[in-house]
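Same chain, two partners: chain A is paired with chain B first, then with chain C.
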Partner chain A sequence: MKYTSQAVAKPYFIFALILLAGEIIFGLLMGIQYIWGDFLFPLIPFNVLRMVHTNLLIVLLLFGFMGATYYLVPEETETELWSPKLAMITFWVFVVAGVLTILGYLFVPYAQLTELTFNNLLPTMGREFLEQPLPTKVGIVLVVLSYLLNVTMTVIKGRKTVITTVLLTGLLGLAVFFLFAFYVPDNLIMDKFFWWFTVHLWVEATWELILGAILAFVLIKVTGVDREHIDKWLYLIIAMTMVSGILGTGHHFFYMGAPEYWLWIGSISSAVEPLPFLLMILFAFTMSRERKIKHDNEMALTWAKGTAVMGFLGAGVWGFFHTLAPVNMYTHGTQLTAAHGHLSFYGAYVMIIFTMISYAMPILRGRPHGNCAKAQKVELVSFWMMNIGMLGLTLALSAAGVVQIMDQRVGTHLIGFMESQESINGIYMVRAAFGVLVFTGLLTYFYSFFVKEPAKA
Partner chain B sequence: MHNAALKKEPYPPGDFGIWIIIYVELITFGLFFIGYAFSRRANLEMFNHSQLMLETTSGFINTLLLVTSSYFVVKAVTSIQNMTDNRREEFNKKASKWLFLAMIFSAGFLVNKIFEFSHMFGEGLTLSTNKFFMFYFMLTGFHFMHVLLGSIILFNIFQKTRIYGYTIEDHKGIVSGAAYWHMVDFLWIILFPLVYIIR
Partner chain C sequence: MTERITKSMAKNIYYGGGTFALLIFIALTFDTVHQIPKRSNQQNMTESVVAGKKLWEKNDCVGCHTIVGEGAYYAPELMNVFQRRGASDETTFKAYMQGWMAAQPLSTPNRRKMPQFHLTPAEVDNLSDFLIWTSKINANEWPPTIEG
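Right, the complex of A and B next:
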């Protein structure tokens, strides 16, 4: 560790991993509810589990991004973090707010939660992914602002690099686009527009900048390739991401009352969206081929390459499957969407956090050359378990989606939702089994942290 | 003949990154052109009728402006490529004059296009009028943004010629910028007949 203030990243990483475990557990519970509908009823209904599952994902990614930023910014700017103390205060505030919110979801009926948290003053609750009570939303703004302040001040006093510029742009976008979560127009179509301005412009524009910056940082560290070379790739990826991603928002405006031209703008722009992800694959593998050093931490590079491939599959390929308007007319809101959602969030964002943790955590734990060979072997096993698990889960959900489309959308002998769900039951079992594999993979990953280092001779 | 001329120019010329962007742009516009063609086939009469409301003369003037500016960019690039080592300043100056002319013509395109758009809006035509105008505004609107970006790129390379920044060994920047500008020009050459003329 070059700068002592980088140590603040550690609790962020640990908490992100804990939340990931929670997220998967709630996912598994839901997977079981898909098979046995009354499982856990009336203790925790499906809608609450789903809310906890998706909210945990968002919060864990925010913790992961923050940890990654606090680790990489001092090294990039060649100076200590502006205020490690502020970073720690932010951490605890976010932990307390996050935990309280999840407990609120689990133990207070949602309608009552809206009353308790002043939703009547400024109604913001009830929208998918943005279900957080008003105080939590305000808390997120404060946390993100203090984080942004800390990072910006550090960048101002230190060296400016392309990576920090791209990262800061992404973080600024993350902060700005969250503000749309506070505006809920009465008109349902306008409401959808503003909702997507947060949700889509986070995951398909600004977060991709954060992803690109973290990937570039780790690749510089583990391959030793010249910064100028990496910067050029980063610029190219970012330019393409922004152009396709921003207009690609249009793919959410299909058949919801928005004007017809969105069918064209959305379809064509989002058909281009897989390309920056394809470039990321070329980027990671080219840098790996041209590497000038062989870093002892081989797992970090494995995760980096894995991120590029799985991100391309999940966000790019699975997104493309149903992004064209004429196709989306049949696939919208089926399990095919869930398949895409799962693999893209995992492939692009959860994996970039694994990449960063895999690179930084050994250094934070006093192992500058990475974990010992045995620990890396365990980590590699967990890498494959989680990736195979997620791919299997995605394929199962895709199959479920196709059956659903055939059952309910195509042809003349259409059947009802519950009847269709029953016909998919077998596939849901396969999905749950792959979910268990992912969770076992995560536990194996946790175990890799506890593999004893061989005694030094 | 100068030594540099004997040296084989790398293919594709300029930075490979710009070519990736160019390919993506061509795919994107290509998809729009195909979409236009299919929609036109399904609504032939409406497309032909709506097309009569376009200002062909303005489109033609813009074609001339863009093609001529592309010619000036070619002259700027060849000025740099024909440079001799001891006369760097002179050749950069020459290139900057050509680029200045190219920028004037590109600005002419933008101004003319703004007049055309404001006239169309004044007539009450919008993206939602019908499918023809949806394509007209989307295609020409996206193209307009590309001319704008291209002009910014031209301005940047113009600035570099003013500080005599290009040498016979290192002039990838101007070649890359020129490649992008030719793409903008090329797209218009397809767009203009397709949307304004072909019936």
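Right, the complex of A and C next:
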């Protein structure tokens, strides 16, 4: 560790991983409820399981991004963090707000929660992924502002690099687009239209900048490739992201009440959306081939390459499957969307956090050369377990989506939703089994942290 | 391919392309905001429809159902439930909704369960009005069939 203030990243990483475990547990519970509708009902209805599952994901990614930023910014700017104290205060505020929100979801009926948290003053609740009570949403804004302030001040006083500029742009975008979470017009269609400004422009634009910056940082560290070269790749990737991703928002506007021209604009732009991810694969593998050093922490590079590949599959390939308007007519609102959602969030965002943790955590724990060979071997096993688990789960959900479309939307003998879902039950069992594999993989990953280092000779 | 592209070229594509895309997006946003009231028949958005939307949010209906194709995929699409369960007749649909909401949760073993929300008959009517209004939105011919 070159700068002492980088140590603030550690609690962020640990908490992100704890939340990830929670997220997967709730995912498994949903997977079981999908098969046996009476499971946990009426104790925890499906919608509550789902909001805990998705909200934990969003919050764990934010913790991961923050940890990654606090680790890389001092090294990039070659100066200590502006205020490590503020970073720690922010950490605890976010932890308390996050935990209280989850407990609120679990122990207070949602309708009552809206009343207790002043939702009638400014209604923002009850929308997918943005279920958080008003005080939590305000809390998120404060946390993000404090984070942005800390990073900006550090960048101002230190060295400016392409990585810090791209990262800051991404963070600024994250902050600005979250503000649309507070705008809820009475007209459902207008509401949905602006809802995507937060949801899409986070995951398919601004977060990709953050992802690109973190990936570039880790690749510089573990390959020793010239920074000029890395910068060029980073610019190329984010250029393609912006060109395709912003107008790509249009692929959500096909069949929700927005005008017809989105059918064309959305289809064309989002057909380009796999490109930045394809470039990420080329980037990771080219840098790996041209590497100047052989870092002892081989897992960090493995995760980096894995992120590029799985991100491409999840966001690029699975996104492309249903992004053309004539196809989306049939796939809109089916399990295919869920399949794409799972693999893209895991491949692009959860894995970039694994990449960063895998690189930074050993250093934060006083192991500048990475973990010992045995720990890395365990980590590699967990890498494959989680990847295979996620791929299997995604394939199962895709199969479920196809059956659903055939049952409800294609052909002459159509059956209803509930009947169709019953016919898919076997596939949902396969899905749940792969979910268990992912969770076992995560536990294996956790175990790799506790493998004892061999005594120094 | 990438050998011929320099860092400054890549940088220019990022700033130039990004700005260009953003400007088009903003322009189209203005146009869309202008068109949505007509496409969604905003003039028919009565107080009851708005109250129905608030109930929809307050009870997190989107946590299980989809509406206009968005939401969770655990329970049926509701944009065309007016046609599916009400045969596009307001009186039939409203009567159906009163009975349906009162009967939850159904006792069929291991069927996916909808909780009992304890809505008043007036509130159920609000919800029906909201769903009827939603069913008439111009969503480019979506959903493709009555099964949603």
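The rule is short, and it goes like this: the second predicted complex is superposed on the first by the 457 of 457 C-alpha atoms of A that agree within 3 Å, B and C clash if a C-alpha of one lies under 4 Å from a C-alpha of the other, contacts with A are read in each partner's own complex, and residues count from 1 in each chain.
Throughout what follows, a contact is a pair of C-beta atoms (placed from the backbone, for glycine too) under 8 Å apart; a residue touches a chain by one contact, two chains touch by 3 or more.
The structure displayed is predicted, hence computed values, not measured ones.
In the superposed model, A:Ile268 makes contact with chain B only, not with chain C. Chain A has more of its residues touched by C than by the other of chain B and chain C. Shared-chain residue A:Ala239: touches chain B and chain C both. Once the two complexes are laid over each other on the shared chain, residue contacts for A:Ile293 go to neither chain B nor chain C. In the superposition on chain A, A:Gly257 makes contact with chain C only, not with chain B.
Contacts of A:Ala373 after superposition on the shared chain: neither chain B nor chain C is touched.
Across the two superposed structures, the residue set of chain A contacted by chain B and also by chain C is 232, 235-236, 239, 259-261, 265, 269. Chain contact summary for the complex, chain B toward chain A: residues 15, 17, 20-21, 24, 27-28, 31-32, 35, 127-128, 131, 134-135, 138. Of all residues in chain A, only 232, 235-236, 239-240, 259-261, 264-265, 268-269, 271-272, 275, 279 touch chain B in the complex they form.
Contacts from chain A toward chain C in the complex involve residues 33-34, 36-38, 41-42, 45-48, 50-51, 110-111, 114, 119, 123, 125-128, 131, 184, 186-193, 228, 231-233, 235-236, 238-239, 242-243, 246-247, 249-250, 253-263, 265, 269, 282, 329-330, 332-335, 337-338, 407-409, 414-418, 420-421.
Note for the complex: chain C touches chain A at residues 2, 5-7, 10-11, 13-14, 17-18, 20-22, 24-25, 28, 31-33, 35-37, 39-40, 42, 45, 50, 53-54, 56-64, 66-77, 105, 109-113, 115, 117, 130, 134, 137-148.
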